[in-house]
């Protein structure tokens, strides 16, 4: 139960920060720095309790890599999605229910963008937070959070830059993404998480 | 006594940086980066002496969590408030006593914003700087400072982004906040600090 | 083989990020932050497997310093160059094959700029990632990635800011650099890597 | 000799970055981030050899604190000043010898600004890089470099933001500061370094 609460709190602040800094007036060009830092601080705060996933695609990747019990997976993903929805509603209330029109995105480039960004994220998570070769480091949160920052700078204009199904749900609730595009995020994010787990095992063969 | 001096120095540079980068000409859109970094560097510099609170709401949270002797609380809070006032006066002198008009804030959104931002801050502080599960890390200052940066990006436009009663006092002295709104910061900041302590104990049940 | 895959992945995301944030619409003035962070996250993710070079000039420097087997050098450099080309083609596809005109650069200033930036990078890499005196630190990725950020801020306007032959090849494929200038990067980057190795040995005489 | 070379290299890249990002076209509002990061990376690269001062006022503070042999002081300061001059000349050459007019500064505010910024810097250096209570951390470079970034954001408009006599000399050579104001930096920086050493000893009484 405490793990699910930590996943809820972390995902809440991630999605909440995204909404607050993206919806005008927000943080402008600096939004990716705020978003990546929101993830970083929550990974540092909650990693020792829940692993600090805050992302169903990361939970999938960590489970496939063998560092998340299957019994935890539904609770983790449920807490993450619920947090994304609650955060989105909190943002809308604080921003006075703005009328927003999602940016148009094209399916194929968005699929590629979400796949690449989520692959980078899950690949970094597995290597800095679950590998024997990097055990005990103090940089895992910086590496994970700034991966989202980097990918948001690189790919935000193509796909909206979710790299996370719970974020995609939050973006949809805030009308920053179209409901009809939700499948793009789900397909690309989970596929990338799975490939990252396979890649991790290949490059860390002695790390069971 | 040395602890109080460290709390004074750290809070002084935090509030001093806020005033210098917020009052025009300051750091513009980058102000939250400077402010969060001011907290980060002082946490790294003074944490081994005083714990590096620099914030009465954090002192409350750390005391409730059991890592600050009750006898230290008045001295800590006194040093922090005094530093906020001295820093504000130093800023006004260096800026040639500018005539400033506080931004209007609305009480309910500001209460929510200050509550959420301070909860995030105290939750991060307790988990990265007082938990057994993260003992010995080198990231505590980065996590704590960048929480203030992130929350300032997200919420600065709603409440002014104090998340700290000593900062709120400093903002009031600098005429960046209205005296009539000081209660908002005090109520929201201390309530959030208390809830963060309760939350910490729930998610770290074996960490006395 | 796993080392080469890690070098490919890391260099891919470095060059991919460069293209995405430099070609309009990109990250504007914040591009160096995104680029430096791309290198940082990949160094943290892959350092324990391959050393996290992602740069033929760094591979040269690490080999000269005695921390990369000569048998690995061709595979490393091949993987890095291949990744630079694939990343550049991916960027062009995602950006809809833009018609780009490289900025004019002057050979002598560009040689100096690439030499200085690459020397700083290789000097930092050798000292933070291969020296006995800094073994076990958690800051190697931050130091290495932010060296590229710093040098890109300082020198990007002079030479384009590659500091890396694989990046130079990627820039050329994306028409962000002229093919006729490729020799500038190759000469300056490798010469700087070699001098950094000599400098490292002089300032760390007991570190074989 | 190797210590002096490391001090030369680190100070060179610090002053070189300052000139390149401050003189138009530079890094604009992001200049403090580049400058602070330049110091950070050189502290991480050279700290294990020379301590990574790159600043005569820091060398004074570290000597007073008892962590720099008196015999090293002249060599350190000489290397730092020489590096400041060489870096400034390199910047002028790469920028095509621009005609620059220093910003006007007022003596009293500039003295206060340089004193406060240098005190923060030397206080952070002594606590994160020489204190027993923080031994073995990986954050010393981040804390030190970002202190300069923070103080440059806060105080750059008042004094130019040197906080370092070697930087002040470099600024003077580049015509970014008036020769007639050099005494301001020397007086304020060395006085602040000395006070930081006294403060350090008071708050770390058991740390000889």
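Here the chain labels run A, B, C and D in written order, and each chain numbers its own residues starting at 1.
By our rule, contacts are C-beta pairs under 8 Å (C-beta built on N, C-alpha and C of every residue); 3 or more make two chains touch, one makes a residue touch a chain.
Just so you know, these numbers come straight off a predicted model, no measurement behind them.
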{"item": "Shared chain contacts [chain A and chain D, defined touch]", "value": "B, C"}
{"item": "Self-contact between copies chain B and chain D, residue sets same or different by half", "value": "different"}
{"item": "Chain of greatest Cα-centre distance to chain D", "value": "A"}
{"item": "Approximate Å spacing (C-alpha centroids) for the pair chain B, chain C", "value": "39"}
{"item": "Chain A and chain C: spacing of chain centres that average the CA atoms, whole Å", "value": "27"}
{"item": "Two or more partner chains touched - positions in chain A", "value": "29-30, 33, 138-139, 142"}
{"item": "Complex interface listing, chain C residues touching chain D", "value": "29-30, 32-33, 109, 112-113, 116, 120, 123-124, 127-128, 131, 133-134, 137-140, 142-143, 146-147, 149-150, 153-155, 157-158, 199, 202-205"}
{"item": "Contacting residues of chain D [partner chain C, same complex]", "value": "2, 5-6, 9, 13, 16-17, 20-21, 25-31, 33-34, 37-38, 40-42, 44-49, 90, 94, 138-139, 141-142"}
